[in-house]
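The data blocks that follow each hold one structure.
After this come two complexes, each holding chain A, first together with chain B and then together with chain C.
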Partner chain A sequence: MGAIQVNDVTKRYKDVPALDHVSVTFELGKIYGFLGRNGAGKSTLINIIANRVFADSGEVLIDGIPASENMAVHDKIFCMSETDLYDRDLKVIEQFKWTKRFYTDFDMNRALTLSEKYRLDVNKRFKALSKGYQSIFKLVIALSLSVPYVIFDEPVLGLDANHRELFYSLLLEAFEEGDRTFIIATHMIEEVSNIIEEVVLIDGGRILAQESVEELLESGYSVSGAAEEVDGYCAGKNVIGYDELGGLKIAYIMGKKNALPKGSDLQISAMDLQKLFVKMTERSIK
Partner chain B sequence: MNVNSNTEKPIFIQIAEQLEDKIFTGVFREETQIPSTNEISALLSVNPHTVLKGMNILVDGEIIYKKRGLGMFVMTGAVEKIRRKRKSRFYEQYIAALIEEAKKLQMTKEDIISLIERGYQNGSHSGQ
Partner chain C sequence: MKMLRSAISYGCSTKIRPLTIFYLVEYGFFALIMAIVVLCTGNAALNPRGVEISSAVFISIMGALSFKEDFKAFLQNGFTRGYIFLSTFCSFFIVSASMALIDTLLGNVLRHFVKYFTFFGMLYGYGHMLTTWLLLTFVYVMFCSIFYLAALVINKVGKTASLLIGVGLSGVILLIAALFRFVFSPELVSRIGSFALNAFGFMNDGTVELVFPILTFTVIGAVFWLGSYALLRHTELK
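Here is the complex of A and B:
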């Protein structure tokens, strides 16, 4: 079974630790949501996987091959990143031709079809594209490659709602074509919550959770009602946060839901992925 | 079809229920093919594994079956099976919930019976 395996990776920038003994596995054949707040270590880990930055210690294996052996893993992985690595003066069509030279798996016809779907003008120079269309250009390249592992770092940045929806449906279409893995690093958690199968949650340079979306959603819930009653219910439970509105109190709890006492006026509800993320990462800010 | 992330109900169950409802109301007829996992996944922007999980509930319930190399088909007798299942759940899903709410509102059994009669009268006016 193929996978990207991150084994005990540590990275410091001067004295600031960015990644602290991180181990995580991205299996082949799944769509992952790679979530974390700004500065959590997301981009550092992505850059190490993509071999753009070197880890201080630990290693990354792609289908068992060290990611640092560039040529051997070249045809296995592609990373669409937020930062621009493209020649700003080249036309879109020329960029496609260059990509074809570097990646034999690049499907030119597909790139042109996708450009049409997104109404991306291939005769424009990169620098003449709007912010949103620069993102679309990078997405078209990523979606036109049939490498097994594709990482999308903030893929929908600057895209309007129509283009975001189009991206998600094209992503699913590309996913269904074969055994491949997509890793989506994003802040738009609600938008991807139905698309991703697994969540890798990073916070403060450490992996906070790696679970299926379903398991993660079952691991937390909220209870609301009169403050005293909520406090009574919460005794001995792992409460990760509160909200209060006048006499109404909402507690966010990690752990299995247990039934409310008979005749209780409390209300139990599920937390959505975004709420869970916010509450889980809020706690760790000092 | 559509899914709602803001409810307690997991997405795969929502998908199973909606497919079942489409079969029950005759949108997908017995012995005809239903849309593929990929088609539903693209339509709803939902992970194909989640869609498959929903479909498997219907496979386990013998509502649909897989024809090798072709896709999923509605079983003969599926509609009747769904009808029986829904009838058996009618009590807990509607009657028990109705009585609970009525008690909160301090309504009597007679109040409810007269409301049900009114509902049937109104229904017959609208040609039901």
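Here is the complex of A and C:
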């Protein structure tokens, strides 16, 4: 089974640790949500996988092949970056032509069709595009490449709701076409929660969790009610955070749900992915 | 190999537009100066020299900019640093050779029609067009390599450290000048001077050997290109 394997990768920027002995596997044939707060280490790890920065120690393997400085993985992986790495003076159509020359599996027709769907003017230079359309241009390239592993770093930056929806549906369409892996690093957690299968949660340069969305959501729940009652229920449980509003208190708990005491006014609810992420990363900081 | 060819084509094609603009502007200015000289003096003989010098300045700027622009684009497209270096070197060699060819041909044409003497023509003569073209190619490649390395160093160490390095280098130049003026014996200065002249093709018997400057510029260029490769291998996206 193919995979991107990140083995014990460490990276420091001067005295600041960006990644601390990170090990994670992205298997072929899944859509991953790669979630983390700003500065958590997402982009650093993505850049190491894409051979843009070097790890201080550890290694990245793509289908068992070392990814660092190795052209053998060129046609296996593509990384759509948040930062603009394209030549700003080239027209969109010229960028497509060059991508076609650089990659064996770039579908020019698909790129042109997607450009039409997004109303992306292919005769405009990259620098003349708005921020949103620059993101769309990068998405079109990534979605027109049939490489096994595609990483999207903040793919919907500057996109309006319609364009974001279109991206998610196109992504699922592309996913259904073959055995491929999409890794989406994003802050729009709620939006991607329905399309991702597995979540990799990173914080402070360490992997906090790697689980399927289902498992992760089942691993926690929230209890709300009067503060005293909530505190009583939470005693001895793994509480990852609280929210309070007047006399109402909500506790976010990791672990198996216990039945509520008889006659209790407490309410148990499932946590959504965003809330779980917020509370887990808040706790990590504390 | 196909990928390398594509990368070299990319490196060359991104330089065609600025190169065309450069030559249009350069020879536009040239024509303007010539028109003014002819109108004012009635004489078509031109004194200003600068075709190759302006080409060297232009290609130096391209060398520095190439790192900034092409490096990022190549990383985006999954190229390794080894491929990036090879494609950069090859594309600069092609661009340098093309510019040298234009400058050599136009230099010869201008000499016949408006009595314009290029700087290189004055130094090395016009007798060997092929060798002059080769020589000019290696000069341009050398300038590329110096500024490509400079861009890599600035990227690596940052602005402040680069300025300090610049100050340090200026100091070294002054020190060398002082050594020649006050420390070295006249015999040693004379021997070094003679060696330098030989290295640039000016032999002791008054003849000019074009092979020596070609070798000299190749060696200097090679040193800078090797330095660039050593740095590029460890360069990360910022």
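Criterion: the second predicted complex is superposed on the first by the 284 of 286 C-alpha atoms of A that agree within 3 Å, B and C clash if a C-alpha of one lies under 4 Å from a C-alpha of the other, contacts with A are read in each partner's own complex, and residues count from 1 in each chain.
Basically, contacts are C-beta pairs under 8 Å (C-beta built on N, C-alpha and C of every residue); 3 or more make two chains touch, one makes a residue touch a chain.
What you see is a predicted model, and the numbers here were worked out from it, not measured in a lab.
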Which of chain B and chain C A:Ile195 touches, first, second, both or neither: first
Partner chain(s) touched by A:Asp87 [first = chain B, second = chain C, both, neither]: second
Partner chain in contact with A:Glu176 - chain B first, chain C second, else both or neither: first
First, second, both or neither for A:Glu165, with chain B first and chain C second: first
Contacts of A:Glu228 with chain B and chain C, given as first, second, both or neither: neither
Partner chain in contact with A:Glu116 - chain B first, chain C second, else both or neither: neither
Chain B versus chain C as contact partner of A:His74, first or second or both or neither: second
Chain C-facing residues of chain A, complex: 47, 50-54, 69-71, 73-74, 77-79, 81, 83, 85-87, 89-90, 98-99, 101-103
Sites on chain C touched by chain A in the complex: 3, 6-7, 9-10, 14, 17, 69-70, 72-73, 75-83, 233-234, 236-237
In the complex with chain A, residue positions of chain B that touch it: 3, 5-8, 10-11, 38, 41-42, 44-50
Chain B-touching residues of chain A, taken from the complex the two chains share: 30-31, 165, 168-169, 172-173, 175-176, 190, 193-197, 214, 217, 269-270, 272-273
